[in-house]
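Look for chain A in each of the two complexes below; its partner is chain B in the first and chain C in the second.
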Partner chain A sequence: MRILALVKRVPAPGARINITADEQYVDDKNLGHAISPHEECGVEAAVQLIEQHGGEATVMSMGADVSEEQLRAAVSVGMAKMVLVPTDGTPKDPQETAAALTAAIQQLEAEEGAFDLIIFGNESADQGGFQVGIRIAHALGRPMVNGIKGLDVDGASDGHILANREIDSGVEVYELPMPACVGVKEGINLPRYPTMKGRLASKKAELATVEAAGEAGGQAQVKLLSPPEVVNETVILGNGPDAAPAIVDLLEELGVM
Partner chain B sequence: MTALVVVEHDRGAVPDAMFEALTAARGFGMPVHAAVTGDGAAEAAGVLGAWGAEVVHHATGANIGDYSPEAWGQAMVGVVEATSPSIVLSAGTDRGNELMAQVAARMDLPFVANCVEVSADGSSMTRAQWGGALHESATLTADTKLLSFAPHSIEATEQAAAGTVAEVAVDVDAGLARTMIKDRVVLSEGITLATAPVVVSGGRAVGSEEAFAPLEELAGELGGKVGCSRAVTNNGWRPHSDQVGQTGTRIAPQIYIASGISGATQHWVGAMGSKNILAINTDPEANMVVKAGWAVIGDLHEVIPAITEEVRKRKG
Partner chain C sequence: MSEFPSKANVVVIGAGIVGSCLVGHLSRLGWEDIVLIDKGPLPNPGGSTGHASNFIFPVDHNKEMALLGVQSANQYRDLDRSVDSGGIEVARTQERMNELDRRMTSAKAWGVEAEMLTPAEVKELVPFINEEVIMGGFHCPTVSVVDSLDTGTLFRNEAMDKGVLQVFANTEVDDVETVDAPNGQQKVSAVVTNRGRIEANHVVVACGVWSNRVANMAGATIPLVPAVHQMADVGPMDILAETNNEIGYPIVRDMDTFCYERQSSGSMEVGSYGHRAILHHPDDIPSNEEAALTPTEMPFTQEDFDPQMETAIELMDFLGDAEIKYAINGLLSLTPDAMPCLGETVEVNNLWSAAAVWVKEGPGMAQVVAEWMTYGYPRVIDPHVSDIARFYPDERNEEHIWARADEHFIKTYGIVHPAEQWVSRRNLKVSPYYSRQEALDAMFFQARVWERAQWYNSNADLVERYGLSEREVEWDNRWWSPITIGEHLNMRENAGLFDLTPFQVFEISGPGACDFAEYLAVNKVCKGVGTSAYTPWLNHDGGFHSDLTMMQTGEDTVRIVTGAFDGGRDEYWIKKHLPADESVTFTNMTESVTTLGLWGPNAPAILGSLTDADVSYEGSPYGSVINIEVAGIPVTLFRVSYVGDTGWEIYTSWDNGPALWDALMEAGSDHGLRPTGMGVYAVSGRIEKGYRLMGAELESEYNPVEAGLARPKVKAADFIGKEAYLAAREAGDPEVHMVTLIVDDNTDSQGRKRYMQGGNEPILTADGERITDSHGRVSRVTTAGYSPSLEKMLIMGYVPAEMAAPGTQMKVMYMNELFPCTVVGTGSAFDPENTRLKG
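== the complex of A and B ==
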């Protein structure tokens, strides 16, 4: 199988998300960065499928040059190749992102052959547009289901893949003919930690660059703002186990006993 | 000029978030229409008039059945093309956002997901980023404006309208039925993390899989569920289905007991719908303690068993 996973570099904020003075970015000066969690699971899903069925997995990210850090992290857990679609780092709208990534995927497929499966995150952790994967799949003329919590090639008929999605009352099973696209959710698997060997491989791996761009779409970010703060006078019920009676008084008052 | 609500449903069952979207649609000051398709569409159509839908367009044709993102998305395109609404909106649920993105991709239109507030003409809005931990003020330029409303951002109110059902014949290519639901597996019913009246949660400080046993006991006594933070699922101590937060479950219990959890923004957005929050933490400055209505400063390994004991004592 040939699999492509699409990932995005995002800051990893803590107790509060601070915004830069120009109100355009999350202030990430003192923050670490990560792959969006759903996409981190997409990488793990790609690595597991390759382990089971053979083939090659590639990871792609569009963003500023620093995104190389997340691409190398993906290689350290088992992706074979990495591709950066470089930008100036300003936030792009979903149509522009999808157009650029579609062009980049088409270039890559023209050189190396089609991907049987393209794995997206259900939504990016920061912008959360819920659409880039669906737009790309449509542009490529491939089937796509979002919100996937399970993938199975063995259980499907030949040339298909089974994809599970959770709804309130249970699990829906979709069968998609490959080449196909899916958007996965955290919980589909437990991403592994890199091994020493993986870390070394990621240091040596070669970064490929594909230049691709799209036109700005109709949605534009004006500025970022903090949602209304929750202001709470916290009532301290006590210290340590001695607080138990006060806690249970509260539980009784709330009628949950 | 109409505002068209793309209605997602599961074999006729319409989620509450759709009623919020219908309520939001009435805010645009134009007639509200709705669109349904697929198995159970007639049943779904029947409830929409009560929420302000004057006309319900029922898209029918070959290759439309149980939920399918592509076939249903194409059917919705058919309704949009037949009725030329100026605003098309849905609920920011999994299916709602998915259908809107399908319509957007097929019509090459922008789509603004998870709005919390939209101007009367649909050209400017506040939307949720980071699962609601951050807001973005945005503009939308398009002849047909595609939007979804983040669940719980507005309160649904009923307003009776005719709800006249009109059939619209749509063309859905057989090739698009390829992402249909093939099978459904019913999970055991009962209370879930999302609906539990009490959630007893543990974070990194719990320390191990086994150390969740006292939390299970307390949750059991209170008829609640055990939840956790991402630090816990990352360590493999609990399944992801127990995770509260941006990439986990959004909970709304009568009381959320958060022990050994620092309260990172991505955890908070999953917990903030709780009616009451009790934080148990050794650090009085922890974000969870500061934001909670109630707190106990102390070691969760001592406090949790003490609560269970006290509950049992009072139950007699």
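== the complex of A and C ==
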């Protein structure tokens, strides 16, 4: 199989997110950076499929030069090749991103052959536009399903892949003819951590660059705002055994008892 | 939670290992009404304690770090929050093997069980190590792994259970207030927090990487900088998981790659001190809310760690295939000289520092500060290398702190020679003779901020004249030159001119000056204008605080002269004890007064040729202070000697210094006078005479009776430590005596001549047994130096009374070998009758 996984460099989640004074960026001075979590699962899915069926997985990112860190992180867990679509680092709207990435993928496929499967994250952790994958799939004329939490080649018809999507009442199973595109969600797998040897190997991997650009669409970023801070009030019910009656009251109030 | 108080006796800021242990120790010492605050949550407020690797290697060449490490390890053991995992320092180079021999020597000194292992023996203890890349190991079975967070909780609980402590987490300090105190000083008065303002008699800053920022709020400084120590947790590995405990294999320190590997349950923590120094400003540390993990677990910068991974895999192949599950740029505190900051801040009374302390010394150093606050000085150990007062103002600014931290971070696991010099931040303070000394190609050593000529390469001809040679072993030869021996012999034969400008010169004046001088000093100071006293200053327990000279220069004026390494501590001590009635004024005259030393048999002739004044022994007897003109320059002449030959300390104004130097050098040219360096003044000249040095022979753990500095009579006036001093005198023969020993044969097992460095090498019985007294004080080398006159190595140290008799056969360990030595006695090895001082 030939698989392409797309990743985006985002500020590492877990801390309070501050916005820069110009309200245009996440203030990342205290934050490390990571692959957007859904996409990290996409990388893991690609690595697992290659481990099972052979072939080659490529990881691609669009962004400033510093995105190399995330590309190498993907290589360190098993991606074979990495491609950067360089930008000046300013935020791009989903149409512009999709157009540039489509052009880059087409260029790559013209040189090396089509990808059987292109894996996107369901949405990015920072901008969350939910549309870049679908736009690219549409532009490439390939089938696309979003929200995927399972992929299976063995159970599918020849040249197809099964993709599972959880819905409230059960699981939808799609069979897509390859080449195909999927948008995966966290939960599809548990991404592995890099090993030291993987990390050292990734340092030696060659970074390919594909220059590509697209036209901006209509969804321009005006500004970023922090959500109002949620204050959780904590009531101390007591210390030691003295707290028991209050706990009983609370459990009764919650209907647990 | 109880209401936030508006008043407390003590407020401790910071609930990491240090602050938590401190409140526990304060409660043990009877303190009440203590409030502990931290801006983070408990039990892990988010400082360095929370991500510490939590292991203690109890061997250090430095006495304070070693003994407080052992002390701390025992405190963790007492609370059952410690496991003896053992630890091995492995060597990949011969140089490191030599260093491990030095570690063995320090282990012997501090009574820590240790052994050298072959690579195969290391492999037996650590089956997953690649023994082919190592040459050997230093195994210490009592290396322990501790639970620092839980220990902190237990110490806090102990104080809370006594009802003397209130703890407030999530409490941010916004300001530390001060009020005016006598003598133009400031005293801490309150801490302002986001929960309210709390008045306090004492405030302790124990907030690790944030300490300087908090101290700055009060106008004080705690010179430290937050610095990164990278750590990655890799795993799981079956062989580790199978131990079914936190740690089942010894910790391995891969010293030559500056890394350690420490089991943590089924994983291995790989920590590094091998990356570039990554320093942060405290304002750049995120808040608890802004940090993805905790504030001091900063985002990992992978590229800094990559080279460490390669060498780690070399040592333990299985590390390469394990997953990197957790990796941080953990913050810890670095100071300009790599030692902690303990004690009262010099700028603000009752504002204390308990900072730049790592988990491995936390409980012990907390005890030091608690005792300091209680008794006026610590009892558990002499703290002079950690005393925050040791820093001069030039060592407290950010440029200096950062430059020095940047330089020494890589030495954390380095092989650091006792005489090793700094590269950065040189020439901060130079004497008025600096250009002359440069022209003489002086080798400069730095005494804190002061440049001192250690020897003069212009004297290289003396090496040939006296038939001297380099030392055989590079380590012994490092930071040393045979020129220094040549300068010594020339002084003994002719004369030497010493630049003593780095002396710290203070003046106390005013109607209370003489009374105050007496209060500070053991010996009588004010015996009339023109008299002097060489005297200890004691702490309240009767141990040494200082050792210096004092001169009555006027009816109400006393000059105090102390060493460059002690100026900060002594200035602090004086100011701390200034009478509240403001009857004494303190002035630091160091940079307006310069000092030259002229000693040697030809010194009287040289000086005599430049003055009409009577500088004969009768006209200027030992200890006298007279004001005369030399070559037309007004000087103060102080007949004294620290090198064992007759002569003077000559004081003049800074501006007149160069002309005085030139006049003396010219007058001395016919008398064999040579500029002579501190190698003679501080080492060879001093040790031949057995003169004691503060910080070496003289520490607060010893008293003047033991040091052989007790005078026949005790003055009537009261002085600090008098009661304890009288008790020590009345107790009769002390348990230990400070003696000089001669090393009978300094030939090692390879037939090489070796030269001890004075780095706490243990002094042993003739059978090679370690010696301690009833206080646990160990016999060890306080100073070592070659005696050019006797052509033997000399060492100094305290030995039990029964071994102090001249002729007693003993052994000294150096580089893990034993050398025979013989006690000379409590006096001088050279010219014991002091005939040369009377010339």
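Here is the rule we go by: the second predicted complex is superposed on the first by the 239 of 257 C-alpha atoms of A that agree within 3 Å, B and C clash if a C-alpha of one lies under 4 Å from a C-alpha of the other, contacts with A are read in each partner's own complex, and residues count from 1 in each chain.
Keep this in mind: a residue touches a chain if its C-beta (ideal position, glycine included) is under 8 Å from a C-beta of that chain, and two chains touch if they have at least 3 such contacts.
Keep in mind that what you see is a predicted model, and the values were worked out from it rather than measured.
Chemist: Chain A residues in contact: does chain B have more, or chain C?
Modeler: Of chain B and chain C, B contacts more residues of chain A.
Chemist: Applying the touch criterion given at the start, work out whether A:14 contacts chain B, chain C, both or neither, answering first, second, both or neither.
Modeler: Both chain B and chain C are touched by A:14.
Chemist: Under the stated touch criterion, which partner chain does A:236 make contact with: chain B (first), chain C (second), both, or neither?
Modeler: Both partners, chain B and chain C.
Chemist: So, A:204: does it touch chain B (first), chain C (second), both, or neither?
Modeler: Touch partners of A:204: none, neither chain B nor chain C.
Chemist: State whether A:31 touches chain B only (first), chain C only (second), both chains, or neither.
Modeler: So A:31 only meets chain C here.
Chemist: Looking at A:190, would you say it contacts chain B, chain C, both, or neither? Reply first, second, both or neither.
Modeler: Touch partner of A:190: chain B, not chain C.
Chemist: A:69 contacts which: chain B (first), chain C (second), both, neither?
Modeler: Only chain C is touched by A:69; chain B is not.
Chemist: Overlap the chain B and chain C contact sets on chain A and report the shared residues.
Modeler: The answer is residues 13-16, 236 of chain A.
Chemist: Which residues of chain A touch chain B in their complex?
Modeler: Result: residues 13-17, 19, 26, 37-38, 93-95, 98, 123, 125-131, 134-135, 137-139, 143-147, 162, 165, 167, 169-177, 185-187, 190-191, 217-227, 230, 232, 234-245, 247-248, 250-252, 254-257 of chain A touch chain B.
Chemist: Within the complex, which stretch of chain C touches chain A?
Modeler: Chain C reaches chain A through residues 1, 234, 284, 286, 289-293, 298-300, 302, 306, 309-310, 312-313, 319-325.
Chemist: Tell me, which parts of chain A touch chain C in their complex?
Modeler: 12-16, 18, 29-33, 69, 192-197, 199-200, 203, 236
Chemist: Across the complex, what residues on chain B touch chain A?
Modeler: Touching chain A: residues 10, 67, 69-70, 92, 94, 97-98, 100-102, 104-106, 108-114, 124, 126, 128-142, 148, 178-187, 189, 197-198, 222-224, 230, 233-234, 236, 239-241, 243, 246-248, 254-255, 262-266, 272, 275-276, 278-279, 284, 287, 289-299, 302-303, 305-307, 309-311, 314-315 of chain B.
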